[in-house]
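In the two complexes below, subunit A is the common chain; its partner is subunit B in one and subunit C in the other.
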Partner chain A sequence: MLLAFGNFTADPSVNLQLLIGGLALGAIYAVVALGFVLVYKSTDVLNLAHGEFLMLGAYFALTFLISENLNFFLGVFVLLLVMLVFGLLVHYGIMRRMVGQGFFAIVLITLGIATIIRALLLIFYGPTERARLDLLPQGSFEVGGATVRYVDLIIFGVVAACVLLFFLFFKYTRLGLHMRAVADDIEAAAAMGIDPDKVYAMTWAAAMVMAGVGGLLFGHVTGAIDRSIEAIGLRAFPAAVVGGLTSLGGSIVGGLVVGVIEQFANGHLGTKWREPVAFSVMFVVLLVRPTGLWGRKDLERV
Partner chain B sequence: MTRRWLKLVAALFAFALIAAACGNDDDDGGAAPAPAPAEEEAPAPAPTEAPTEAPAPAEEEPMEMTVPDNPDNGVTSDSIKVGWMGDLTGPTASSQSFNSHGIEAYFECVNESGGVLGRMIDYLPEDDQFNADNAAINFTKLTEDDKVIALLGLGGSHISTQLQPDVEALNLPVIGPPQTIDIQLEGDQYFNNLAHYGDQADLAAGHIAATVGGIENAVVMGISLEVPSGTEFAAYVEQSVLKGGGTYVNTLYVAPGATEVTAQMVELQEGIDNQGVNYVTLHGSPGAGLVVMQGMADVGITDIPIIGIHGIAANSIWTEGPESVSDQTFGMHSFMTANNNIAASAEMERCATLAGYDGEHLNLNFSHGFLNGYVFHQAIERAAETGELSRESLTEALKGTFDTMGITCPIDWSASNHSQCGAAFSLDPASGGMVPANPFSFYADSFDGEYGIEIG
Partner chain C sequence: MTAVENPASQQEDSPTYRPSPVQRFLPFAIAAVVPFILGSTTENVNFWWKALITVVVLAVVARMAWVWTPRGELTHREDMRLWRTPSDRSWAAVTTFGLLVLPFILASDFTPPMDFPWATWFAVVNLVLIFAMGAAAFNLLVGYSGQISLAHVAFLALGSIVGGIVGVQWSGGNMWVALPAAALAGAVVGAISGLPALRLKHLYLLLATFGFHFVMMLVWREYLQEYFGFVGIRFKGENSPRIASWLHWLPGIDPDDNGEFIITGQFRWYWVLMPITVLSILFMVNVVRTREGRAFAAVRDRDVSASLLGINVARSKLLAFALSSAVVSMSGVLASFYIGSRGEDSFNVQTVLNYAIIIVVGGFSSIQGAIFGSAFFWFLPEWFKWAREELWIVRDIDFLSDYPSEIDLAIKGFLVVIILMFKPDGLAGLWKDVKGWIGRSLARRGP
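Let's look at the complex of A and B:
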């Protein structure tokens, strides 16, 4: 039943499908947002290369799991190990030299890293798109006339586990405590004997591992693996901001909220409204609550 | 300690790069499609036109003719400069880069056999990444610094439109751009051999009619990228389907760069359930096509055939797409690949190898580029007969008929500057190349020659 406004339909099964599609998309946004949050929370760097990091993860997943045909668990281990090494390389090769530099200079550096990653992928993999990964269960089942894919449920589970893991890591481990201390006050942390350099290195490594996980998962649900998938970084940005750039839990809620809103905008208003609506939600949240829904509000001495 | 870390990082980084490079060599999704062992495989089915006996580039007789230098038009004592503008590393590179490779391969063979008119062909491809600003810079470089005599290709309808006044002002011939739009039909400098969007829509209607037993039985839904050419193609399809008495339900738009199409699939399913949609037309790049096809497979829409524009006629649609959907998918194009037993087959394969593009002779865009090189070669010799080689003499020489070595229909640009030629293609798994569902001649009656669609 089509009503006058856009493509609006009141059919419950249609809306349920949009909701499920939105949650699935939101779970991917949450994975990406988690990467943004991890780096920002610990280093105060807004990493605009995170979409490219995730794309790198997807391409490496192709290499190790499809081309090299490694055992799934071994392949995932190698993928995450290589991503970890890339994270260390990003820190020791580039970001370490930017500590203490201006915010925008560092953001520009992350854009430069993004450009280099895109160029390297073109050189080593060529311009042709690849089939998405199919290593996780590919089937689906029906609920109320809507299709639910198993792979989406797996992504939900992995994202929730990652958030829980990072929450426990930050709260209960020594390195997590060091990360929080450095993020709060780098000079005070250094005075307490914490090596900020090591902490930052670990942060970039963890963010890159998270991007590896994201690339592996996203590689299972995107239509094709090519260099356009880096756009997921920009599209997930509202999710990270809505949730709060310093909140791990916020990233998952922000991801799901933005994913669902985007999907309904696409379904009921048309595809051209998809991103304007998502970014509008971000603007509204920023106007009402500049730190995002769950972000930390820093106190600054005036 | 820090040095140890750095060494470890450097070693692992090197390992990762090597692993990535090895992965690319091993699978078939890289820059080149999986090459079929052409000497061992039987020719692909359905050779559609009788192979012509055109001379292959390397077998050309050395030309006796001489023409004076014209450095202002790219003709020096030892070279003839010709340019190409398109997307080699941007969002449509997976289509357009093959086009450039085809041209390069043809000229490699020509230069290997001594060049043309006593000169080597200096091929100058410029990458604009599908960006109009980059294209404007490249255009200035090619026309003012290099002073090329012609462009073989000018990628992107927005770029063609933007540069149209400059192309006309410079009398610069543009041979075989990777899209044919209305503004090119109006100009004097474009020589198009890829079917116009309107022609492709007519062709789609013809193919749909053949599949569903008459266009009046067709209930079509379009899926287009949300870009101007997507709207234009959808409007032409609607016109062609309605004209034949069929039903055109709606056009669903997909944002460029979209990675999933849940909402569009919901609407497509509604169209199937409530309005009896039995055919989908698809506009977009191979990447966008794969996103739509995966979306269809995910929600179980696997019994609706698809006919796509030339961008969809890429090998990756069948090698990388879900089989349940790609089995019923065709993409329209105007050229034959080397697996189709055409006169150009052997040379296309040999030149591809010579240029370092093994296996790309099985890609339709490579065929297009190869043909553009061949047409340029014929035209430059014809222009030289006037005693001078210039953009003007080349433009005049292009207003004639050209042999195509069976790659496309015979070209006749004496009356119009475009070529109504096309067929619906899919991948032949045996050869690894593209094959037409029917010969070009099967679709010839579909073209109505109407252009300049009004978009509401």
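Let's look at the complex of A and C:
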């Protein structure tokens, strides 16, 4: 048979382990998806470079926290600050000129940015893989025969906190209001005295900071830090789509759903089924409900 | 009105001027003499005399072509011609001439100045031919028809699968059966992969086709493991493609020592790849000129309006997918047989990015751009390698020789960003600008 199926098992502890692993993976997806959603929500740009942003974050975490051996909180602060500066650089250097260009041109320019980041990281850090980060508590405990790592719980907490933070930010701060206004209608917002340029710059900075957080967290659970971790950016797409590309809360739900489905496909069908199953789920969601579970629906005028 | 003495005054008098077929043909007939002048080996004709005669002949040809240009309003028929202007026609002639002469130059042991590496360039030229075909089909779908798809590499993999089944497993290296089979399979699977396009657009279509990419990668890996194991498919050795038996009578086609007509070596491959690439690119250029091709553009610009004009939007979209995928699958077969082996990691996300780089650098939504782009993509590493080793100041910079492939990658990335920011129509647009600038400056100084 061309497509060999793996063994199905009904052992509850195996399934529980898969569920927990899926939730942990889903939390990572949620971090990445949150970065996509932030950018897409307010600038309408599909950022294919987010995986590379995350890789940048992971490598900077290596530099500041391991090589420079800074205090954890100071190191994280420096990391996020550097990422923020890079975000502003991306906007003022490149994306600012692309406002109003065609959709695919902007997608391609993010691919260009991704290529640059990958090449520069290879030049400055070399192709050798580094050990993963070990700054967060490394232990684990058992629940019903399944192991739960502390790191996964921390990731989960951080994601939830980030979503809550962004939610409050969008709802209650002035800049958040501006961001929502620009996302709704850039011309009307500009006519009301909002500077879309600044709003976009803040969005890119926020996405980069989010990628810094993601890189720091993902650096703790990945096998090793090398150039292959950029793939997480593409693998998180189903999560972002299932949740809805314009919904912050959707990214966390989508991340968990896709993470669990992927982990079950991994456990029961085999590793090679992971990506096809996740992307098939995305495909079905796209066909049935293109805006995802909670996405914003756009009307089309002729 | 008195009778006209020469065409030049005729074209000023009448609002429309049409040269006779003989007048259109004559400059090219004269230009055809040039290769013979250059190739003549008479001892007593000096190189500079040859050059002088060539320049004079070409000047006369240019003048004739300029004077006998159709002027005034073009009829629809004239407007839709493949090569509309004398400039187009002369470029077509120059390109044909170049394509015919190029392999002989590359195969000769002529050493260019400063140790330019011609030997490796032959392989690069062949790769450019394969990639130009695939990239042009990509451009037809993404740039011209506006159906954003990232399933491009999936069809290269499909080409390898069909090449593996039909070309290797069934026929032991018969590429000529595998090519049409791949075109057929590509068209059918392409139409299926285009089904989401009926419902989705832009971003969502991009994501859906990317999902198709992963599904196809699964099929590819499963196929490999089922029949070939981890070593991958070998398209060389006993599976090498052979020259079709009805072509054996052609001059210059001689059997190897064991009586077989195996396609090996860059020179033979060039003569296989060049006609296929040229024909498929001409095919795509012609598709753009037909009713269906214009329907593609109408659907790209506004599909609702296109349907109001009586275009079957669903049919048009699926046709665009099917056409593009068929050509891409064929280029996948060619690439498999040319490169000689295909393994598990032959297709990855980086390959998708490479094609994106090619069409951006070459020029988005122009088929000409695909050719420029793939030429640039494959020649850049060669130029860079040459510059690192030979160029007088660059060769002393250690940093460049320490990270050759990474710096290539960085250059490509920066180029994509810079081109998209400042020159969105890429090298093809640049070429058009240069031609326009030359034409304008000639017109200003001319009579």
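Keep in mind that, in the parts below, the second predicted complex is superposed on the first by the 294 of 302 C-alpha atoms of A that agree within 3 Å, B and C clash if a C-alpha of one lies under 4 Å from a C-alpha of the other, contacts with A are read in each partner's own complex, and residues count from 1 in each chain.
Rule of thumb we're sticking to: a residue touches a chain if its C-beta (ideal position, glycine included) is under 8 Å from a C-beta of that chain, and two chains touch if they have at least 3 such contacts.
Since this is a predicted model, take the numbers as computed values, not measurements.
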Q) Put the two structures on top of each other at subunit A: do subunit B and subunit C fit, or clash? A) clash
Q. So, A:Gln17: does it touch subunit B (first), subunit C (second), both, or neither?
A. first
Q: Could you say whether A:Phe86 touches subunit B, subunit C, both of them, or neither, answering first, second, both or neither?
A: first
(Q) Quick check on the superposed pair: does A:Asn266 touch subunit B, subunit C, both, or neither? Answer first, second, both or neither. (A) first
Q.
For A:Met282 in the superposed arrangement: first (subunit B), second (subunit C), both or neither?
A. second
Q: Give one of first, second, both or neither to describe whether A:Arg132 is in contact with subunit B, with subunit C, with both, or with none.
A: first
Q) In the superposed arrangement, does A:Leu122 touch subunit B (first), subunit C (second), both or neither? A) both
(Q) Once chain A of both complexes is superposed, is A:Val107 in touch with subunit B (first), subunit C (second), both, or neither? (A) second
Q) In the superposed arrangement, which partner chain does A:Val241 touch: subunit B (first), subunit C (second), both, or neither? A) second
**Q.** subunit B versus subunit C as contact partner of A:Ile232, first or second or both or neither
**A.** first
**Q.** Residue contacts on subunit A - larger count, subunit B or subunit C
**A.** B
Q: Determine where on subunit A the residues touched by subunit B overlap those touched by subunit C, and list them.
A: 119-120, 122, 231, 272, 275
Q | For the subunit A and subunit B complex, residues of the former touching the latter | A | 7, 9, 11, 14, 17-18, 21-22, 24-25, 59-60, 62-64, 66-68, 81-82, 85-86, 88-89, 92-93, 119-120, 122, 124-132, 140, 147, 149, 201, 218, 221-224, 226-229, 231-232, 263, 266-267, 270-272, 274-275
Q) What does subunit A use to touch subunit C in their complex? A) 2-4, 46, 94, 97-98, 101, 103-105, 107-109, 111-120, 122-123, 231, 234, 237-238, 241, 245, 272-273, 275-276, 278-280, 282-283, 286-287, 290, 302
Q.
For the complex, give me every residue of subunit C touching subunit A.
A. 142, 148, 196, 199-200, 202-204, 206-208, 210-212, 214-215, 217-218, 221-223, 226, 302, 304-305, 349, 353, 356-357, 360, 364, 403, 406-407, 409-410, 412-417, 420-421, 424
Q.
Can you tell me which positions in subunit B touch subunit A when the two form their complex?
A. 2, 5-6, 8-9, 12-13, 15-17, 19-24, 26-27, 29-33, 88-89, 91, 93-94, 97, 226, 252-255, 257-264, 266-267, 270, 286-288, 290-295, 298-300, 316, 319-321
